[in-house]
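Once you scroll down, you'll see the structures, which are given as C-alpha cells.
In the two complexes that follow, chain A is the common piece, with chain B as its partner first and chain C second.
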Partner chain A sequence: MARTKGYPEALEKKLRDQRYIREDSNPEFTKNVKAISRTIAHMCYQCGTCTGSCPSAPRSSYRIRKFMRRAVLGLENEALTDPDLWLCTTCYSCSDRCPRDIIPTDVIMSMRNLAFKRDIVPVNFLKTVQAIYASGHGVPNNDVNRAAREKLGLTRDPPTTHMYPEYMPGIRKIIDHYKLKAEADRIVKEREG
Partner chain B sequence: MAEKKATTKKAPSKKEDSKKVAPVKQETKKAAAPAAKPKAAPAEAAAVAPTTNAGDARVGVFICHCGTNIAGSMDIEAVQEASKKVPHVAYVDNYKYMCSMPGQTVISKAVKDHKLTAVVVAACTPRLHEPTFRTATKDAGLNPFRFEMANIRDQNSWVHMHDREGSTDKAIDAIKIAVAKAALLQDLHPKSVPVEPTAMVVGAGVAGMQAALDLAAAGIKTYLIESDMSIGGRMSQLDKTFPTLDCSQCILTPKMVDVGRAENIELMTWSEVHEVEGYIGNFDVTIRKKARGVMTPKEAEAKGIVGGGCNGCGDCENVCPVVKPNEFEIGMKPRKAIYINHPQVVPLIYTIDFNSCVKCGLCVTACGPEKRAIDLEMKDEFVKVKVGTAILATGYDIFPIEKKEEWGYKRFENVISSLEFERLICASGPTGGHLVRPSDGETPKRVAFVLCAGSRDNTGTGKPYCSRFCCMYSLKHAHQIIEKIPGCIPYLFYMDIRSFGKMYEEFYYRIQDEGAKFIRGRVANIIEDPKTKNLHVMTDDTLLDRPIDMEVDMVVLAAAIQPKEDTNRTRKLFGVSCSMDGWLLEAHPKLNPCGTTTAGVFLAGVCQGPKDIPDTVASAEGAASAASIPIHMGAVELEPYFAMCIEDKCAGCGMCVNLCPYSALSLVEKNGRTVMQVTEAKCKGCGTCGGFCPGGAIWMNHFATPQIVAQIDAFLLGGEQ
Partner chain C sequence: MSESGINHKFAFYLGCIAPNRYPGVESASIKAMKKLGVELVPLKGASCCPAPGAFGSIDLKVFYAMAARNLVLAEQMKMDIALVCNGCYKSIWEVNHKLKHNKDLRDDVNEVLKEVDMEYKGTINVYHTAELLYNDKFIGIEKVRDSVTNPLTGARVAVHYGCHLVKPHKDREFEKEVMLNTECPTWMEELVAATGATPVEYRNKMQCCGAGGGVRGYDIVHALDITNEKLINLKEVGVDALTDICPFCQLQFDRGQIEIEEKFGVKYNLPVLHFAELLGLAQGMSPQELGLDLHGISCEPFLQKVL
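== the complex of A and B ==
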C-alpha cells in the first residue's frame, strides 16, 4: 500500500473531466475585475505580447495571458486560486506593449484584491504588510546595507521612515483604515498558529 | 415658378412669417402638383420673398414598422392615434414595410383619396429611403419635395430598444416636427446641368490606371494625374503577387503600356491637383505640373525643337555627378539627380530632382544639340482642365514602423520592412533578387516574419485596423525564401492568419506544406546580438503556452499601411470626407462603396481602405463605371436646395459673398441697387449665408426660416402653431 502512495490520487486527478462548463464562468467576476483595475480587461485578444514581454514567465509557470483569458471568461475560481497570481513582479512591461491598450498588470492587481477578500494570499505578502506596519519598509534596512551605504558616503539610513520615524503613525493610520494589518495578523495566525 | 408662388404682398415680418400668415391661394397645390415642369427660376424671380403658409395644408403621415425594427420597440397604434391629433394631419396610416411596392401604393392612394398636399413618412433615414419616398410622392401627383421624413428607426427605435414608452413619445415628437415642416413645404424643381464629357483620375497606381483604362474604353476622355514621375504605383515595387505568384511587373507592365498608348487618356505625371472648383458635371481643376527639367518629345516640338525631347537613352544619367538614395528602392540603391524609377517606366522620360541637382550642366551637354531635352531652368506650370467627374485613387504609404520601438526597425540593421523585402527578393531590385542581410551581405538561413506590425493596434501609436494583405504577402514571402534559399526556414509570428480571398486558404495550406513554421504569438520585442547582428524574437507561443526566444538572421516586419501623405490635401480640394483613421469616406460602406458624399467624385482602390490587388482592381472598375454614368447621361439634376436672395431685404453688404465656401455668391447691380446673386449650380445649400445674413434676406430653399421655426415650435409647443 505504502509503495503506491500518491499514485491513485494522481491518476484520479489526471483522468478527471477537465472541461470547463458554463457554471465555472461568473460574469460578475469580469465586471469586478474591470471596475477595480480600471482597464478594459474584457478586450483581450490573446496575442501573447504580455507573456512574451514578461520577465517572470520564462522562469516560472506564471502566464499573464492565461489570467487575461480568465478575466474575459469570468473564470473566477480558477483565477483566484491559482498560486501563480502572486508571481507578477508588477514591472508593467506587458502594459507598455499591449496592442489592445489594456493594462494587464492592473488586472493582476485587481485579482489579488479579490483573492485577498477570500483570504487567499501567500504568507510572505502578509509579512510584507507587517514589515511596512513596523518600519515603513517592505524590506527594512539591515546592517549589510548600512555598511554599503556608509562606504558610498551615504547616511547609514535612507531619508525615509528609517530616518524620520515620526511619520510612522501616519503610515499606520492608512494601513489601519483598510484593516490591512489586522487582516494580515489574523490570516498569518490561522496559517502558522 | 417662383413668380407664381411668391405672393405679391410685401414680405411679412419675422413674427408673421413663422407663426400665422395670411390665407393661401388654394390653387398653389392644385396647380403646382401636376404642373408642367417650369424652367429653373432665373435669379430675378427671387426678387420678392417667397412665403409659405400652412393654412389648409393636408398632410398624410405614414408610419413604417420596418418589420420589428421599429414596431418591436414602440407602440405603433399609439403613435398613429397621436399623429391624428397633430394640426394639418389629414390622414394617418401604417404599414409593415413602407418602402415596399404595396407600402408605396398606400402612400399614392392616400394622396389621391384624401387630397393630401404633403407626405410625411416616419421610418428610417433620409439617407436610405428619401429617394424612394420622393419618387412615391411624385408618382402620387405631388411635387417630390413635398415630402418630409421622420427618423423613428436609426435615431429612435434602435437607440431606445428597451424603452417602449420613451421611444413611442419620441416618435410622436418626431412626427409632429416633420408635419410642421411638411405643412410649409413648397414645390421645388431640380436644376439640370450639362455634364462635361471628360473625367479625371487622381493617382496612377493599379487602381487609377484601371479606372482610367475603363473610362477611356468607354469613350471618355480621361486625365490621369500622377504625382510621381512614372505610373504603376505600389504594385510596380512588388516582386510577385499572391496567391498565383505572377510576377507583379509582368502583369502590370502591359497595363502601363496601354495607359501610355490609350488615345483617350491624357497622362500627366510629376503633376498634382492644385485647385478644384465647381460641381458635378463641371469641375474646373487646376493641375500643377511640377518642373521635371526634361521635355517630352511633344513638349520639345511645341518649343520648335523638331525631333527633340527625351527618348529615354540615359546618357544624362551616366554623366550626372550627384548620387542620392533611390526612393523607389527604399534607399537601398543609388540614383543620380537626373533619373528614372526603374527600367520599365511609363512614360520613359527622365526627371531632375531639383533638390539635389547642382546645375553643373553635364547632362545638358550629354543630351546633345539634337534632342535638347533638358531645361535646367524649367518652372512649375499650371494647367486648367474641365471635367465632369473625378476619381480619387491616391493609394497608401507604409506606416513608419520605427514608431513601434520594441521591434527595432532603423535601430537593428537586419530588421527590414516588407516593402524592403519585396525589393531585395526582386530580380530587378538592388541585389538582383538575392535576399541578403543588410549588416554583412550574408544569405539568411532563418527569417522571422512579424505579422500585424502596427496593425490591429489600439495604443494610439499603431493603426487600429487590419491592413488586410500582410498575412497573404507574408505567406508569399515565406514561399519565396523557401524557393530561393535551400534550407532557409521562415517563421511566421502571427495572431490570426486572415486568408479570406479566392484561393487564399489553399495558398496558406501550400506554404505550410512547403515548410514554413507558424507560431501563434504577437512579437513582444526583438533584441539584437551586438556581435553577430542576429536577432532574438521574443514572444509567447500561445498554443504551446510557453514563452519563446527565437534567434534568427533577419526579421521582416509586415508593417501596417496608412493613407498616402498627400491624401488629406487632395481630399479637401474635392470636398471628400475621411474616417477617423484617415481613409477616404465612401457614400455608403456597403451599398455605395465607390461614391462619396460629393456628387461626381468617386473612390478607387486603397485610398478608401486597405485592399489587395483583386479588390483594388474591382473597386477601380466600379468607380469607373459610376463615374461614367453622369457623363453618359449628359446631364445631372442638382438638388434644388440653393439659397435665394430676397432682393427687397438685401442691403448689398456683401458679407455673405466672402462667407460662402463654394464661391456661389456675388454682388450685382439691379435696378440701381447692389444686391447679392446666387449661382445656383454652385450653391450646395449649406446655409452658411442664410444663417449669417443680418437682414434675413437669404431664403434657403427647403430649409427656410419659417419651416425651421415651425419645427422648433412643434417640438416645444407640442405641435401647436
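== the complex of A and C ==
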C-alpha cells in the first residue's frame, strides 16, 4: 500500500488486521468494480453525502451509500441481487458532491455490468440493445413522425442509420463482437417465452 | 464574418429522441444556428449514442465502442460534433474524452473498430449547441440577443438544465468556467433572458427529470414521481413554460405530464420547450415551423403570451 510505504512493517500488519472481511465477501468483486468503474470506491468514508443528494432515495429503499460499502467489502451477492440497483437515474449528483472525489454513479454502472454477466438484468435494458441492433436507434422513427418531419421540411427519415441502412452491418458487427445481441435475445426469451 | 455568413461548421449529431419524437428540435436547431453563423452538417450514418443509462448499464465496453463509431464518422468528415441532447453529450463527449486520455480503452476500442475498417484517432471535439450559444468564441449571448426579432417579453420561463451536460463537473472541461457550477448555475437563464423572456428560479432546479439510467423503462412510477416533484416546485413559482436542453428530459416532462395525470391524477398543463424551439420562436419562426403541435402538452397558452 502506497500510504504506508516506508513505515514500519508493523503498521502495515495492523492495517491488514483491521480490514473487515465477512464470510460472504468476494475480494474479486471489489477488484472488478474498480476495473470497470475506473473510480476509487475504497476511498469512501461513508459520510452519506451521496444518499443525501440522490433523487431516488426519498422515494425508495435505494441507498447509494450502502452500495458503496458493498463495493468496498466485496458483498457481491448482496449488491447484485438487490433490485434497488436499477433505481439510479445516473444523475451524477452524488458524484458531483462526493468529498472523496469518488464517482459513485460509475460504481453502480459497474455493478449493473457485473449483474448482467450473471443474467440479473431488467428486460427493458435488453430491449434497448435489441432496438439498436435492429435499426441503430434506441428510440426508432415511426409513420406519424415521418409525416411530421416532412411537414417541417426535413427528410422523412433522419440522415442517420435510418436513412443510410448500409451502416447497419458495421453496427451489428460491433455488437456481435461482444455477443451482446445473442445474450439479450436469450435472456428476453427465457423471461417472456 | 465570412461572405456566406457562416463562421463555423459542425457535424450535427442527432441522437434518437430529437429526430424521432421532437423533429422540431432538429429543424429549429439547424435554422436558428444558421442565423447565428453556425452551419450544422448532417452526420451520415450515425446511430444511437448509445443510451448511456440503458445501454451502458449492460456493458460499458460495447458502449465505448458504439460511441467511438459515431465519433469516427465525424473524424472522417474532419469536423467537430455539435449535438442537442444531454444524454448524447454524456456518451459522445465523455467517451471521446476517455478515449483521448486512456490508451488502454482506446486500444480496446480500436481492436473492435478494425473489424469494420475504422480507427478512432481522437482528432475532434464535441460540443452541445447550448454551449456554442453561450460561448462567444462560437456565438455568445450578444449575438443571440441580436438575432431576436420577436422578443418573448412578459413570458416567465424556467430552465431545466438536466444532468449529463454539466455533471459530474469534476470530469467536465468547459471553456466557460461558469458552466462548471452545478449547484446553482445561471448561464442558461442568461440565454433565456436574451430571448426577451423572464428567467425564473425555482426550488431544487438542478434535480434530475427522473427518466435517466433506464429508470423510465424499469419503474415508470418512480421516474414520474421525481418529475412530479419538479413540477410541484415549478408550480410554486408560477411559470409560463419550462425550457430544457435535452430531448429525453423534454419527453419526460412533456409526455410525462400526461402519464402523471393518468397515474397520479394531477394536471399541470405546463408547456415544455427545448431551448432551440424557444430561440426559434424569438427569431420569428412560426409554431408550425417548429413542430410545436407535436408536443404532448399544448404550447398554446404560452404562444398566446409571446406571439
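Rule of thumb we're sticking to: the second predicted complex is superposed on the first by the 150 of 193 C-alpha atoms of A that agree within 3 Å, B and C clash if a C-alpha of one lies under 4 Å from a C-alpha of the other, contacts with A are read in each partner's own complex, and residues count from 1 in each chain.
Keep this in mind: a contact is a pair of C-beta atoms (placed from the backbone, for glycine too) under 8 Å apart; a residue touches a chain by one contact, two chains touch by 3 or more.
Here the structure is a predicted model, which means the values were calculated and not measured.
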First (chain B), second (chain C), both or neither touched by A:R63: first
Touched partner set for A:C91, first chain B, second chain C, both or neither: second
First (chain B), second (chain C), both or neither touched by A:D101: both
Which of chain B and chain C A:C50 touches, first, second, both or neither: first
Comparison of chain B and chain C by chain A residues contacted: C
Which of chain B and chain C A:N32 touches, first, second, both or neither: neither
Chain B versus chain C as contact partner of A:P140, first or second or both or neither: second
Partner chain(s) touched by A:Y167 [first = chain B, second = chain C, both, neither]: second
Touched partner set for A:P122, first chain B, second chain C, both or neither: second
Where chain A meets both chain C and chain B, residue numbers: 93, 101
Contact footprint of chain A on chain C as seen in their complex: 14, 16-17, 19-21, 23-24, 26-27, 42-48, 50-62, 65-66, 69, 102, 112-113, 115-116, 118, 163-164, 167-171, 182, 206-208, 210-215, 217-219, 222-223, 225-226, 229, 288-289, 291, 294
Chain A - residues contacting chain B, complex: 45-54, 57-58, 63, 65-66, 93, 97-101
Chain A residues touching chain C - in the complex, by the definition given at the top: 36, 38, 55-56, 59-60, 86-93, 95-96, 101, 103, 105, 109-110, 112-113, 116, 121-122, 124-129, 132, 136-142, 145, 148-149, 151-154, 158-164, 166-167, 170-171, 173-175, 177-178, 180, 184
Residue ranges of chain B touching chain A (in the complex, touch as defined): 406, 452, 456-460, 462, 495, 520-525, 538-542, 545, 547-549
